[in-house]
Amino acid sequence: MSPTGIAVAVLQVVLSIASAPFLVGMMRLIRARLEGRVGAPIRQPWRDLRKLFRKERMVSTNTSIVFSLAPLVLLASAALVAGIVPFLSTTSALDQVGDLFAVVYLLLLGTVFLSLAGLDAGTAFGGMGSSREMTIAAIAEPTLLVAIFALSVSTGSSNLGAIVADTLAHPSRAASPASMLAFSALAVVTIAETGRIPVDNPSTHLELTMIHEAMILEYSGPDLALVELAAHLRLVVFLGLLANLFFPWGIATTAQPLHLVAAAGAVAVKLIVLAAVIAVIEVFIAKVRLFRVPELLAASFVLAFLAVTVSFFLV
Amino acid sequence: MIGGALALAAGAALFAIAVGAVLPVRQRVVWVGLFTALCAGAGGVAAAAVLAGGNTFTADFPDLFPLGGVRIEFDALSAIFVLATAVVAVPAAIYGIGYSARGPSSRPAQVAWPLLVWGVMMVPAAGNVTGLIAFWELMALSSFVLVLAEHHHNPEARTAAQWYASMTHLSLLTIVLALAVLAHQAGGDSFTAIRAGTDHIGPTTATVVFLLSLVGFGAKAGVAPLHVWLPRAHPEAPSHVSALMSGAMVALGVYGLIRVGWDLLGGGPTWWGATVLAVGLVSAMFGILHALISSDLKRLLAYSTTENMGLVFIGVGAAGMFASSGNQPLASVALAASMLLVVNHAAFKGLLFLGAGSILSATGTRDLDRLGGLARRMPVTAATFAVGSLAIAALPPLNGFVSEWLLLQSLVHSLPSNAAVVAVAMPVAVAVVALTGGLAAATFVKAFGTTFLALPRTVEADQAHESPRTMQIGLIALAGVCVALALAPTALAAPLQRVSLAVGGLADGRPIHTNGVYLQLSGIEAGLSPLLLATGLAVMMVAVLVVVRRGRLRRTVRDIPAWGCGRTVQTARMEYTATSFAEPLQRVFDDVLHPEIDIDVDHRTESRHYVQAIRYRMHIRDGFEHRLYLPVLSVVRRWGDGARRVQNGSIHRYLAYSLITLIVVLVVSR
Amino acid sequence: MLKLLRKIVQTGRVTGTVPLDAGPRPSLLLNAAHPLRGSVQIRQVDAGSCNGCETEFAAAFGPVYDVERFGVRLVASPRHADALVVTGPVTRNMAVPLVKTFEATPGPKLVIALGDCARDCGVFAGGYGVAGSVADVVPVDVEIPGCPPTPDDIVASLRRVVGR
Amino acid sequence: MTTTRFVQLLDLAAGLVLVTSFAVLWLRRLVTVTWVIAVQGMALAAVALVIGVYEHETELALIALMVFALRGLVLPGLILRAVRAGDEHREVESLINVPAALLAASGLTLVAYATTRDVVALSSTPQVRALPLGIAVMLIGMLLIVTRRKAVLQIMGVLMVDNGIALVMFLGTSGVPLAVELGIASDVLLAMFILQVLTARIRTKFGGTDLDQLRELRD
């Protein structure tokens, strides 16, 4: 664990936290433009967060310490993942600390704490949100792990750095059926786990259709800011995983500042493209019923499963 | 030293039994608890010594029983299971002091408890067939007494005991058969003799022995479809006993399977492993689905035991498959994963059962739908239960994650393999393990959330108080074990290597390399550092907290009700219950669970457009019980009815039977 | 999907087709350092309105007026809100929920009374089911007159609050 | 064309054939399903084309063209017409739910791979290694026939089974004689016509083609 490695990890965490609200602002702007609106500026999510940090914090008498702990754990787990995933460089000190499985389970840790917080409020909607969130998280889990399986069959390792380095060494592998199937599977799971349409609607105001929003109805002020920031960060983490696992080009293999700057530019472009695609798709499709979500996730599971089969039998 | 520790354990157990039988109630409970803890602790020390030193301890008691002696053979495989037992038994015994004071303090229960602890510890230490069976039966009988301990005010315990007794007998019968055949064919009673004589055993005999022991030990491990006794018996036993039964006793099924299948028989064809794997997959899925929808806390934990034993079986089965297809390093990783899971499971399942007992004694109910809001009323129980829940849901940075990670690594790196069955089984296994993990997270969010968070749903839950000090000590000790296993699983790297060397037929090699901080696997480029992961998480949390506090925090408003959409009153009846929490997932798995749902709607007398009350009843039957056991039982009952016609109580008829028998015997033996 | 795409391209941007800022720009409500400058989340409370004000209010968030571009957003919980927009005379049944909503909103917070009914009960004044105007129940910071107020008025007032 | 490029393109096209058959199980709107069937036909044509170009066989390229026209355009077009003609162009009705069907299909894929292992082991050409895909498509087509209620979907199932057979032939024999392909194609066309006529008749007589309702004819 070298000092430069730690520096790279810290840089990744800071940069992804700083950029996450901008990415969300951009997605909202794209949606607004497609709907014929002008839309709020890209920096609006940061403005909202700044305001929330300066507001009162409200903690109801029903709740226990879990309610106050959950935003911290949620943000901390997402931030730790942002340090592990090779966004800028494969030399992050945290690469050996955890592999893709650790990443998946860390993100699940955040989900679990937020669900507990939703139950902690003791309101009907909080429990509803938690229940739905855990339902989706539980059935998204097989897709995630089987997709990782597919990725690690061809590289022989589940370490993120190793997978990225392997794809860099064998560029043709990115276009193989296994890799493309795994990519589509992970894309569907990304949409489900980050609460985007068609699984959840991030801008809904109707409690009965909510998933993520229903769990955080009770949060206010700085706590809400942390939860929102964590949600933005999780989006960046998932998109960044998608981007760099399958299209790692531009990533730095050293920790030289110049390379890191170039890598930051490359990953920014990739994130913007992916986020824009999601935003555009969201305009075109409607949210599906909650009980059709398992169909969507079953389909993504099948894609991941085929990826394993194909990667084993075809390559 | 090992011998001394084992002798101490036996002495402490005997002493505990003696004081349990003699002393009056109040002292009885205390001294039995202390000496049982000493017995388990001594066993744990012996196990630790074997695991650290790697020497096998043997001792012979040739004339203990009229028909055969008992031999003690304490190797690394025995030691890891004894260690798991000690991990849960010491805290459970201390906890039992406080728990028994208000519950099972009767003489039989207090005598059976140390017997059970000692029996569970000695089963893996047995070095010959007679010894194994003797200790096995000791364990079975004492646990049976304990399941019945609270039957006075709990009629459920009687049916539970009936199921338990019959399944235990089935288990014993098959095990005795398997071991008898084995000993006969190999020409010796002691394990060393059997190992030396494996050459005389033909493949058919080996298969028969393996299948018999799979049934016998599988029934003890509570894997589907032999699990039916488990969700009945474990909830009815006193909680510290359930902790030991679920944490350590069921794991002996795994021990027996490994000992007979891969140590004594020396392994077999790939399909052995594949069968064990398949049983594991079914159990894991079945167990966690039923745990998910269960709203009885202890029943939920019992089903989750079936799930965890399923995961252990997956590891053992995968190890068997890898070993037969020639991938020894991977086999040792899979074996290490399941052994680590056994130890981890002892810690967190023991902890959760003790927590459930604490809740039960404070509120008098195990029904999740009648609990709630206990976090502020029982802070110690809540905190320790939270540790257990996070651990069993395999979430980092706790110990469950490490074993789950090892298991997934061993499964994932099985490809490419040249065996078709491996190639087909592994993706399925990974998917099942993943789904199990996700559902376990949902299950324990439900269990913890509806028990400890939000508002209490009943008066009993509202008036709950924290349990007595001894019970808290037990809880805190086990939570500490969970945390220690989470942060320093590297300490178990060398012991796990010894275990894998002890099971020659399954694996040999060094599954885990470590430099104290990182876990690295042999032959697999993958690393994990649970310690650094936990540190990273803590650092991030502190950083976030510091940044947030820096930006001048406004005041925190505390004495306000939760936002209930402006309703005038916000009551606990509006909270999501455990049943409603699990409902979406139950609907997703409708086709597997087949719930029976009744909805009665009562209308007001004035107009049928107004509803007076709605009753919703949902009942989910255990599929195996319903489709497999009940038909068999009904056939047996019909035979029984037939037999009644033969036996109608008339003495003349009985005499006639004797006459007929005599004639038949004379004719046959003519 | 192609149909929708064609529609999007043909329609283009519709915001601003109705002229805004017709009158002189009113003075801003909050000073530059106020936390709510630039970002105001609104929870709307219907305290007994005829839903005329709701229609106009919803129009203000539609594509034509798009008040969201100034940093105003609707939220689902008062815990997330900075301002309550209350419409209608406060009926007896809604008085307690309104107070509860106000109490559930973290400070600093504003109450905006939307429409004549909210200001002084309008035509419903003195009705048997009316508890009073919004100001009788919770402190009001901004009033938007009109029966119902036009989306223009609403946008102008909200811009006064948000300061953009 | 280099060998690596060939392998990639072949895998991609053959993989697309398999993925489309999963999509048929997943989707609900009959019109969309028909489009997917068309894409499958085109992917099949692409397989033939790739093999033809790589092995310099003009005949195969010709077959590819024909497959494209027939299975990519004509047959889906006919089905589309049948779908639109009936008032049943709304939703698929199935005997088992979608996730179960998808899981069953992935099981069938595994079966296909497991059973063809020995064949694949005999030869290591990229074509033969992709062979299980064809078998899988065939099995999934049969699954479709077994589990779906509407006669139109049974027609699509038959077409999918046939696509699977064609894929196996292209991959297994590298170069089917034109005559064989022609014969099969005409068979399919014939079957199509018969089924379509039947469907039309049933519809005019009984309205709708729900098989469960058809069963009542027997009683």
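The letters A, B, C and D name the chains in turn, as written, and every chain counts its residues from 1.
One rule holds in what follows: a residue touches a chain if its C-beta (ideal position, glycine included) is under 8 Å from a C-beta of that chain, and two chains touch if they have at least 3 such contacts.
Only a predicted model underlies this, so the values are computations on that prediction, with no experimental measurement involved.
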item	value
Central chain (by mean CA position)	A
Of A-B and B-C, pair with higher C-beta contact tally	A-B
Separation of chain B from chain C, taking each centre as the mean of its C-alpha atoms, in whole Å	58
Inter-centroid spacing, chain D versus chain A (mean Cα positions, whole Å)	36
Centroid distance [mean C-alpha coordinates] between chain C and chain A, Å	34
Junction residues of chain B - those touching two or more other chains	423, 427, 554, 557, 560, 563
Contacts with two or more other chains, residues of chain C listed in rising order	77, 79, 104, 106-107
Residues of chain A touching at least two other chains	54-58, 207, 217-218, 221, 294, 301, 305, 309, 313
Complete list of chain pairs which touch one another	A-B, A-C, A-D, B-C, B-D
Footprint of chain C on chain B - complex, ascending	554, 557, 560, 563, 566-568
Chain A partner contacts - residues on chain B that touch it in the complex	372-373, 375-376, 382, 386, 390, 393-396, 401, 404-405, 408-409, 411-413, 415-416, 423, 427, 430-435, 437-439, 441-442, 445-446, 448-450, 452-455, 518, 524-529, 532-533, 536-537, 540-541, 543-545, 548, 551-565, 570, 572, 574-576, 580-585, 587-588
Residue ranges of chain A in contact with chain B within the complex	1, 13, 53-66, 72-73, 75-77, 79-80, 83, 94, 96-99, 101-102, 105-106, 108-109, 111-112, 115-116, 119-128, 130-132, 134-135, 137-142, 144-146, 148-149, 152-153, 156-159, 162, 207, 217-218, 221-222, 226, 290-291, 294, 301, 305, 308-309, 312-313
For the chain C and chain B complex, residues of the former touching the latter	77-79, 96-98, 100-101, 103-104, 106-107
Of all residues in chain C, those that touch chain A in their complex	1, 4-5, 8, 11-16, 35-36, 38-39, 41, 63, 66, 68-71, 73-77, 79-80, 82, 104, 106-108
